[in-house]
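Take a look at the following structure, please.
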């Protein structure tokens, strides 16, 4: 559906995008995930046709896009800065693209109403563009693109100004829409949960380069390197010495976790005799007094952070350079474990993954 | 420090803010939390002096603010729309407010550099304002306010365009700064995690009204009504019949959870013989085969959603109108529980709270 | 023929139907007028190819128009009352007729340039000589026309020259020197009658080298003003008239127009409404004498010996005058 | 100050604005006074009251025609030059292309070329093109001299235009022209109004080009300047000027009343141009 | 004269290097400017050629001698009269344009910031006086500034002066006053247009950072409205250098400007070549002055930071 081949975009000497390669399939929900300034918007703008690659090519539906202006591309975009037309009211903004299609008056109204309902803005149709709150603007921008039912919908952080509840509702709505109409979605987001929850596949970018393209689970569980691992949520890193390496498996000796056997990543690059192992904080669980586990480490709680649903503990383990982060749901009072107390942490050895630095 | 008394702001017949009352203490980290369009920005702008209450009064440091222009208020603001000066570069934007203070040249440079470092923008000082990504702009806006070290810092969704990692880093930085310098922070956010993690106290707003003002834990654990409860994260609601009501305690009969005794909320309003009980999804835990609990319910998994660190399960309980949501960290394979399987859920009776509808 | 076919390139104001009643009567309508405000601009417009039948230049431009080949000789036999044209004006060299006997120009309106002064600030004694214009006493109280012809007419009179076509280099220098003296006193150089009218009546200046029309209008408004045509040095007479443009598309109508404007009946209307003299001497004579004296046209003959007729000067001399006057005006 | 501020928006600034506008009207407000004075030229003290200059107006059809011609020329020229100005200003501010500066220079040239040269040369060109002189050719000429003014005003309007709005429009499938019409134009309305006003004003007073390019139809300045030979005719012009002034105000008041009505109906706040 | 589009440097950095797309971008720009350009080209090439060619020729009475010569430029540049007239014109136009812009700015600001929904009304109100003939306005000015004029009478009536001030009319001052008045609308409009576009949040941000009304104005509003100020300055400065009507009407003998000399050469003096050389010289000087003014404003705007 969308083929991005060796696309580079330079601003002077600075490369906002560096040799990017991607193929996005028809009907796929694809996300671009990466830290601020990594080139997400830049890439999206080139797909939409507002900017041109310095080198490289972009094709949509097997058709090279070079030279095709934005209005003749089968894409619609939700702008990060919203780009609401200030001289039009909400309804007119949303109906903007429909006007050109010369629908029956009733039909146009109906579709505008529907789009406004989808973004929970029913009743605000007559509001002026300058009389909206930040989140309302963003939703108008979203409705304006949704109403067009394009082949490819490009969304540049379309939900960043919305509260969690509304965002979740919109996420569901977007997924529903995508599956119902079969639109290809390219979502730019800085919210890893959003990307993980919604996407079929995710591309993780850093500093203009694409680091990994994979399914949410794959990316979360088997990040190719520390950077990706780190970006997708906390990760505890453990250095290990490679003891044995055969076929698909790898055995290492670690200080904190002892001897560990793990699956060898496809693109594993040996870096001397040592390797990095990662384990997510939520894959560690505090054992209660009466519980035991075959795989466990013991340490001392040094910090505790309360986050409503969950609590983060920082646990110092003798032998490990850095203390481990542990996430616990607050089901049985993890938020009451006193700082300074000793805890035992259980883990699943499968959760320990080897990766590049 | 900041006293908001009966403040209403009307746009024609529409009340963006309706009889708001708040006191914010000196050195406090105070958050305004609420859905899009509930009046957060409106309130903040009135504190900063860009807008005036239709009725009511605002005082800062015991001084009534009516008639005092923004530039003579001891507040600084980070705008939701950033408001970066387009004719100035990053450095000049950040140094804007300092210029007036006539610091030594070196001192000014140093403070600008420091602020840029605080928002991880070191090295981008010479970039033009139009050459920044969305997140970078937001950080410039933040640095520009931080560098002024005001008595009161007003932040209108200052981190909404940042990825989780950077956001967490900035959250830590902001807290650190706030504690070090003793600034009063008023943070507008739509992100309940952010509010819970950072604030000393939170005001939750809906449709122009303040619903509850309390500490994060209080607000999370003892929401005054269903709306607040719901907004702060999923909540399972269970209807119960009041059996006994004495002093500080309440005993109810529920269908799913049987007879429950719970603390009576301070402002509990009896609504006939029935009441609503709530329990957060994370306070329910799936019991493994070998585990047992004194308090447990049994049901069937009907949905499963994967979110990286955590998995959400939707569990149907015989007798309950709505199925229960359950959040599990993915420590021991909650993400592998098949849909359709029977599970037992353990809960802590203390986690069941009574509330207004 | 359609009366509108005839195109008259004229100053605005001259489209007045009462200035050519015979034409209107004959054709049952008015000719088309194309207006101008400055002869040189009109000249350039015609030269650039603008097609009209009749033009209305003044004496000083006629030579230029003729030399540029934009006008054609007149068949005087087709103009009624040609013989009645003011003989003194007709006498001017190279104006109405050239040495070869061809007629090019039909005088239509004329007037005097003479000394006007405000009686409340200038005594009759002082106003006896044109030299008063250079009198330091009147610094900043003088205006003369922003018009080479009027200016050099004044200077020529002062240096005692009546036929300026014969101006020698030396006389030219003297004349220019006098104008430089005058420049020191000049408040502004007037460009049109309206301008002048306003300035004198509002007390901006006391001494004017100006037209009788101004005098009449101002006098009529009760401004304390006098006109001395009998100065020691004399006065000047200018004249404007109609020409037939080269390749005029409608010569027949043009001749009828010439005849119409030259009709003796026009004289009195011209004198009354416009304050100018009419080219038709017969018509002028027939005009009510009180009106003529009121308008200052009663005794032209009396000053005949004292008048400098602004007859065309040789182009080279004209060129020098123009250049010199530009410098003088700028203070050099 | 604060008392004043409560009274009028803008405080001292509004006082200044009113004074400044008064300054603009000072010379103009004398016209009605002189138009009913018996004296032929404007001056004090007044010599007597009369309506005769107004009564004389119907008898000077040339003057009325000239005024009408000026109006027609002014309206056409301002619209055309604004259209041309919009195209050029847009191209200059939005695109980078070879020859941008020289082309811009050429378009702006009438500002510095002597008017008489422009006028004579245009006459030659127009006659070469086989056009006959009429009000239309005057319009052609005025458009040429008005374009630089329109462009100057319009460039400051197009400057710094938020591109993402146009991008959004293109993204919604609108063609370049459609985007221009539906997004760009409405947003630069103040500039367009200003450009119309500026070029109308320029055209209304332009004399030389009108003189050279007109046939037998005079515009007001041509008529007035030609008539200065007769001080006695001026009051008619004063009377007409006064009438036009009054007409402008009447029209403006009607427009304002209509706008208020419309505003009341739609409850929206928009300018005359919104 | 290229300056009206100054300050409009399109996002240069945002365009990739030499690419076919660049061509399509330039093609769009060219296509857009073509109608206007062609229009100007057809009607203006001749005048420009006429001026330039004549400046190198000589005229004898009615005939043009087409031998190349620089004599006209020698005269234009060395004759004190032309040099002085040029200086005076530049001085007058500079004073006029600066005064006009300075006086107009607050008004434009007022309309834009406090005009509410009456902005359109204000704009019309401001241009209406200029729809009466310039000539009539000038006459009014003479009534006001004249020897026994309104101003003098008023001042004498108040006992401030004993005899009429003659310095009010028929000199450079009156030219400047008349011009400042005549060009007011032309200055207000572009400034208003650019003020309209200033994002009000930015001013709030400046206030928030501690700037009082004046400082936030100087540091944010003014620099952001610089394009309008530049336009206004140019739109007044350039034409006033070439104005000859005003000096002719109210300039008296001391307010004569270069354009009067040029006009005279094309008119009664019939010396087109000299007139042309004077024109070309003036054009170059005006362009240089306009360019310098633009640079200074830009520099000033930068300093305000």
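Each chain carries a letter (A, B, C, D and E) given by its place in the written order, and its residues are counted from 1.
As a working rule, a contact is a pair of C-beta atoms (placed from the backbone, for glycine too) under 8 Å apart; a residue touches a chain by one contact, two chains touch by 3 or more.
Labels paired with UniProt names: A, B = ABC transporter ATP-binding protein; D, E = ABC transporter permease.
Predicted, not measured: the structure shown is a model, and the values here were computed from it.
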Spell out the chains that contact chain C while also contacting chain E (ABC transporter permease). D
Two chains sharing the most C-beta contacts: D-E
Distance between chain centroids, defined by C-alpha means - chain B, chain C (Å): 92
Here the gap between chain B and chain D (ABC transporter permease), centre to centre from mean Cα coordinates and rounded to Å, is 56
Distance from the CA centroid of chain D (ABC transporter permease) to that of chain E (ABC transporter permease), rounded to the nearest Å? 16
Please output the residue numbers of chain E (ABC transporter permease) that touch at least 2 other chains, ranges allowed. 11, 13, 139, 142-143, 146, 148-149, 224, 266-267
Chain A residues touching 2+ other chains are 11, 81
Spell out, as numbers or ranges, the residues of chain D (ABC transporter permease) touching 2 or more other chains. 41-44, 116, 120, 124, 160, 176, 207, 224-225, 228, 274
So in the complex, which bits of chain C are touching chain E (ABC transporter permease)? 38, 40-41, 44, 64, 67-68, 140, 146, 148, 183, 186-189, 191, 194-195, 198-199, 202-204, 315-316, 319, 322-323, 326-327, 329-332
Listed in rising order, the residues of chain C that touch chain D (ABC transporter permease) in the complex are 7, 10-13, 15, 32-38, 41, 44-45, 48-50, 191-198, 201-202, 213-214, 217, 221-222, 273-275
So in the complex, the part of chain D (ABC transporter permease) that touches chain C is made up of which residues? 39-44, 47, 62, 116, 120, 123-124, 127, 133, 207-208, 211-212, 214-216, 218, 222-234
In the complex formed with chain C, which residues of chain E (ABC transporter permease) make contact? 61-62, 80-81, 84-85, 139, 142-143, 146-149, 166, 169-170, 248-249, 251-254, 256, 261, 264, 266-271
Note: in the complex, chain A contacts chain B through residues 11, 33-37, 40-41, 80-81, 131-136, 138-139, 156-157, 160-166, 190-193, 196-197, 216-217, 220, 230-233, 280-285, 305-310, 327-333, 346-348
